[in-house]
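Next, two complexes with chain A in common: one pairs it with chain B, the other with chain C.
Presenting the complex of A and B:
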């Protein structure tokens, strides 16, 4: 069951099937769902960054017009760890009534000390953030290669040591978190319309909470407006909505408003660190040392990918020393965000490379080429298609392509030589890597009906990556049809299990199951048809638009062939082999994880910026990328997703930052006004080159294109003005400060 | 949002009759781009909202030989695309064309822009202490203040004046027609229209709570004028600083006279910089003189902990606004 060798549709540019629905508003997102008799819920949240609840008095709220129900999340005595922490939910006839009810609730707090700035948290001697531990450091890592202090920078022609960092940012999903919950008349079955990256997981989370039987919760997500790792389950607001729907016996909608989305919808952790690096005069790196810290808010999870520091080049740097501290702060919790840890790793690796290149007087592209992670030869021998065996080759090929795309040899100049005028131009690059392998279960059913219609169905979800179109392309490819001929039904937990859409796994996780399903369906169809036509099965084959009967050279139009099957429909299910078989059966494993799909990608990005040296305003004017992701299913969607990742990365580089007030402990910009995101006018021309490697099978593309973008922009600014802006986002005040520092130095 | 009674008068007199002598209980609604947000955030909690949108007389533009009059209800989009206004008053129309995005410009009005509330993020967060909401301290002075005022002397509240039309209109010598109770009309120079608020009963301007701006009159004097914003985003964003300038002559080596340089986003009110004007008065506009005027403009600035960088931005914005008004090359557009 390999991928077709000649591909009519797969790998071409195909418009997404639901583009018109989305553009016209006919596509209904969870936020758009309105059910008969539906109530609206809102949540009461802590206004304080750290407090305990003394008392909660809801008597007045319960007498407020429109009040229908209340669900207590926390009780008196409970500790609240950040401004926005959930206390209770209330539902009422309208959103406005619910808001009135919330404001009628009286809560008395014991306000406690808080810390919202990473550096304050790191230096505090005692635990002031709450929770366990003697101080605010909740996780730490230390690592050094042998004799690091004596050998790391021996033989180095130059070293560079500086501070780099990037701020806490918010997921800022365009469609906020939340769902609509509705119970059936007997209060036994629950249906939710959720904005989720994991349809079955969300149903399961609710099933467990309500102690229901399998199948009694249905989660539906036909469309969703953004999920970058923060929407994997029902969340507390989903549980609250379902609780309120049960207690009121009415459907309840609870979607976060914008301020809530920004303050509780999930953050990407910050990363700040001092980095020292050394290299020979030929540009071979001798040692890398980092001492970094960051916060994931109240979360204990990692803020950088510790094991992958230094990033990308780790395998070719002989001496490495790492020190990492995760500090707890009284801000919301971190949630996995598009390539967790990797963009931060790129910030702490890629920028110091360019600073060292400047000291060594080496072109930063040359420096990178001299330090690419080598091909893993043992791995290459075992399987030539896997990533480690060819990573240096992939990077080298991609760099050669991008070098021409952006005219690097002509356009790159030494740092600070960005032109004579006020506006300085600069180029900067960064590399990245990601896994992007998928697994099952992702059962997919393909039905071919006697009227010629074809339906593909699974429970998987479309985060906006055109997943329906992926299904349709694969099914149409095998059946000789067009993608528009296929009806794709997804986003319903009753369709069986599916894997969450996280970590760039949807396309590789689902596509082989789709392929298997459609191949089995085609087989069933041809078998049925052969019986009716009185020919051997092997005399029938599918060609574009027709079934070919080799017995008489007849070309039967697909629809006619369906009509002649003699059964109302044929149906087949496709899925991954079970995990046990994949582990024990090498042939099966090779087929599914190195031919049909694979994991591991490289990728290179180059930014061109224009820096106004009088105002510090940075504009990214052009952006190039070369990206591999194995076998591309839909080139148009793939290029679009890469551009989207870059847009996200540019916002990370230039605009985004959750700003917290030290005194109040509150975020001052929980909005889209001062939590800045670039608009169309702020975006560069983005040139995407997909480095197609079909022999490797399908690999996910979600995370890779957003990883190196901010670091590339940082390097481009350095190249333009000859001064390093140490912390992102690279805002006017920071750029001006860097320019002032440069002038202040001899 | 707190429930409110809604009124929709059809004449300015009817509207004024619906207003109250104290701020807060009754609010005027024009484009709604500011008031509705404030209401949703419970920063404004009026019991009565008086819509000005059925008052036809507020939406006219009349351009005469000696002056032009723009109704307070004229939208920002109309101002930015009006051919006569663009020819006569670039300082106004350039600023209007840069406000927010198309949606804001299609809804927002001249009167609303001049009378809008400040954008301080502490003022707009009901859980943060704020003098203007009755608190006894200002959160910005020791807090997050990178967008706040840099001319802070004698100010307990350090908001930055938000109106980008006010600067241009002050530079052009415009005045507001104000209607009060009992049909009392007064004409206020926009240069004297703004006041720095210190408490919950103050606004960012000197209008009484029962007064209404009906129109703005701009003298036609053949001035060269321009406005320049330093903004981080090209798409919808607030300027970090904004400057409007106007003067007679000044081009092609000719002396500039009657120089007016107005700074926005740098103090609680738009700041008519006399030091900057003096530095330029009687001199031709060129890059060197414009640079000197920029330096003079920031004399006496006393920034807060995080906004010292705005001093540099004011210098640059003054220089660029002057060069734009003088028709000199836009050296910053490479």
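Presenting the complex of A and C:
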């Protein structure tokens, strides 16, 4: 069952099915669900970065007008690890009353020592955060290739050593985390409308908490307002809402407010490091050494991914030394954020490359071309369609395309030669890679009804990637219809399992199942029709809009063909095949990963910036990218994902930072006024070129385009002003400081 | 909290302060110092009847998308919360709740306002329009159509705010240039980053080829 070779719809630009509903405000997000008799809940959170609870007095709150219920998450004696750590939830008849109730609660704390700055944590001798363990190091790694210290920079014509870094940022989902919970009259079945990237997981998390039987919790998510890796389960606020709904016997809505969303809704870990790199005069890299650290909150390490350094260039740099420390801080726990760890890795590799290129007097594009990760020949022989087998070719092709797109050869200049006026122009580039492979189970059901309507159904969710439309395109492609002919029902946990939408896995994880389902449904339809028409099954085939009967050359309109099936409907289920190796128990899916879906992409990005050397303000004026993602399903939505990822990267480069106050341990900008996100006027025109490789199968596109952007901007600033701004976000203050340092040096 | 009797306009400030126990409880909510200050001294101009509402819920009438609708809200309730929580008009979204992101944008007598930063009681007597007004009898207005056609939205949570902001610009000046329309969107934020596609939508609405 391969993808159709001639594709009528797949890979074209197709408008999303629910675009009008969303744009006219008629689409009901979880935040928009209002149930009869619904109560509103609010949560009380720690004002201290580290404390224990002495007492909780809710007597006054319980006498406050409108009070309906309280759910204690923590009891007296419990330890609180960051400002924002949850203590309890209360609900009332109105949101206003819920806030009154919250204000009436009195909590006494034993305030303890805290640390919120990475560098402070790194130098602290003892564990002051209260996190598990003896010291402040959550995770650490030391790695070096053989004889690194003697051979790494031996043949280098130049070396460069400098520090680079990027701050903790927040997911800032526009629809905050939360849900509406409602129990049935017997208090046996729970329904939640949740803002989630994982519909079945959210239902399952609640089912386990309440010790219910399978099927007794239903999670619904018809529309969701933003998820970048932070919404994979009910979370504590979801459990609190469901507990309150049960104790009050009324539906309860609990959506986080903006300050909560920023302080508890997930962060991307920071990364700071000193990097040394060396290269020959021809530009061959000889060694890369990094000593870095970052924080992912009190007890988090894995999503920092420092072990990947030196990132894209790992396979091409012969000598590597890596030391990393993930430190505890009294801030919220990191959650996977769009390409976890990768943008930080790009910051710690791509920028030092340009600094070395300047020392070697080499064009940074030339330096990259000389150090592309080589094709993995063993891999290539085993399977020519995988990323490792052809990565050098992919990057080389993409760089050739982008070089023309941005007129690199004419526009690039040596660092610091960005023009005569006070506003300097510069170009900078970066490479990136990501997996983006899918997996099952993602059972999908396709129903063809006698009236010609077609319904596709699964429990998966649409985060804004136009997933409904992906389903419709594939079903319509096979049935000879238009995407608007297909009704797609998603976002309901009762429809069976599905994989969470994270890591760019939804499109590749669901597409094979959708294809399988619709092919089986088409087969069932043609078999039923053949019986009714008294012809052989193989004499019937589907063409755009019609079923063709080869026996008499008749072209039966699709709707008429459905009417003639003789059964009310035909239905088929499709999913990934679960084939296991009997000895190793490993899941076998070779054919699927190489022909229907795949993983591993490479991309290249180039930023043009204008730096005002009097104010330090950086504007990204134009941006180019060339990106592969295998077989594109919907080019319109795909290009939008890429441009959107770049804009998220531009925010990361120029504006975003969670700023924590050393004294109070609280975040000073848990909002959108002082936590900056760019508006339309701040964003450049973005030129996206999709490097189509349909023979590879479907690969996800959510993460890749946001990875290299901040590093590309950093390099463009360096190119414009000839000074390296070491830490992102590249704020005016930091740009001016970098310019002053340069001027201060001889 | 002690519930006060409310008339359609709510109790007057004089009545409100004359209530013995009520005065003390309620003053804390409204921000007055709880004291024996004579009521007259608290009134603007030093006397006369000033209509006032609150602190309990008061009946209000809002004209939403061409229809008069009634509900009962406390004076502290924002227009956004009145629309969303009391009238089930949810096209306007609550995101920053501080007049920064524009997700709550509505039109008030044709002008855009952040409904999160206006009290519902202040919006009485004005024509309130939300994104829902741009869909009638199964037909969508040109602006949401352009958003859908150019895919100028991903998660879509900010989109109704952008659509309303754009509608206000183009209604005020149907001949607006793409740059002028773009300027009208500067009070709105999209986290998914669909500005590039919004520019496509703007150019198509302005019948201008984007170069």
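In the analysis below, the second predicted complex is superposed on the first by the 734 of 746 C-alpha atoms of A that agree within 3 Å, B and C clash if a C-alpha of one lies under 4 Å from a C-alpha of the other, contacts with A are read in each partner's own complex, and residues count from 1 in each chain.
What we mean here is this: a contact is a pair of C-beta atoms (placed from the backbone, for glycine too) under 8 Å apart; a residue touches a chain by one contact, two chains touch by 3 or more.
Not measured: the values here are computed from a predicted model.
By the touch criterion defined above, A:324 lies against neither chain B nor chain C after alignment on the C-alpha atoms of chain A. By the touch criterion defined above, A:696 reaches neither chain B nor chain C. In the superposed pair of complexes, A:96 makes contact with chain B and with chain C alike.
Of the two partner chains placed around the shared chain by superposition, chain B and chain C are both touched by A:673. By the touch criterion defined above, A:616 reaches chain B but does not reach chain C. In the superposition on chain A, A:335 makes contact with neither chain B nor chain C. Applying the stated contact rule after C-alpha superposition, one finds that A:681 touches each of chain B and chain C. More residues of chain A are touched by C (comparison of chain B with chain C). When both complexes are aligned on chain A by C-alpha atoms, chain A residues 96, 100, 673, 678-681 touch chain B in the first and chain C in the second. Chain contact summary for the complex, chain B toward chain A: residues 1, 3, 42, 101, 119, 121-122, 125, 127-129, 139, 142-144, 146-147, 230-238, 240, 306-307, 309, 312-313, 316, 331-334. Touching chain C in their complex are the following residues of chain A: 15-16, 18-20, 22-29, 31-32, 34, 40, 64-65, 94-96, 100, 172-176, 223-227, 257-258, 463-466, 636-637, 640-641, 643-648, 651, 671-673, 677-681, 683, 685-686. Residues 47, 83, 96, 99-100, 103, 419, 421-423, 425, 610, 612, 614-617, 619, 654-655, 659-664, 666, 668-669, 673-674, 676, 678-682, 731-733, 736-737 of chain A are the ones touching chain B in the complex.
Listed in rising order, the residues of chain C touching chain A in the complex are 1, 3, 74, 76-77, 81, 84-85, 88, 90-98, 100-101, 103, 130-132, 134-135, 140-141, 143-145, 147-149, 151, 153-160, 163, 182-183, 185-199.
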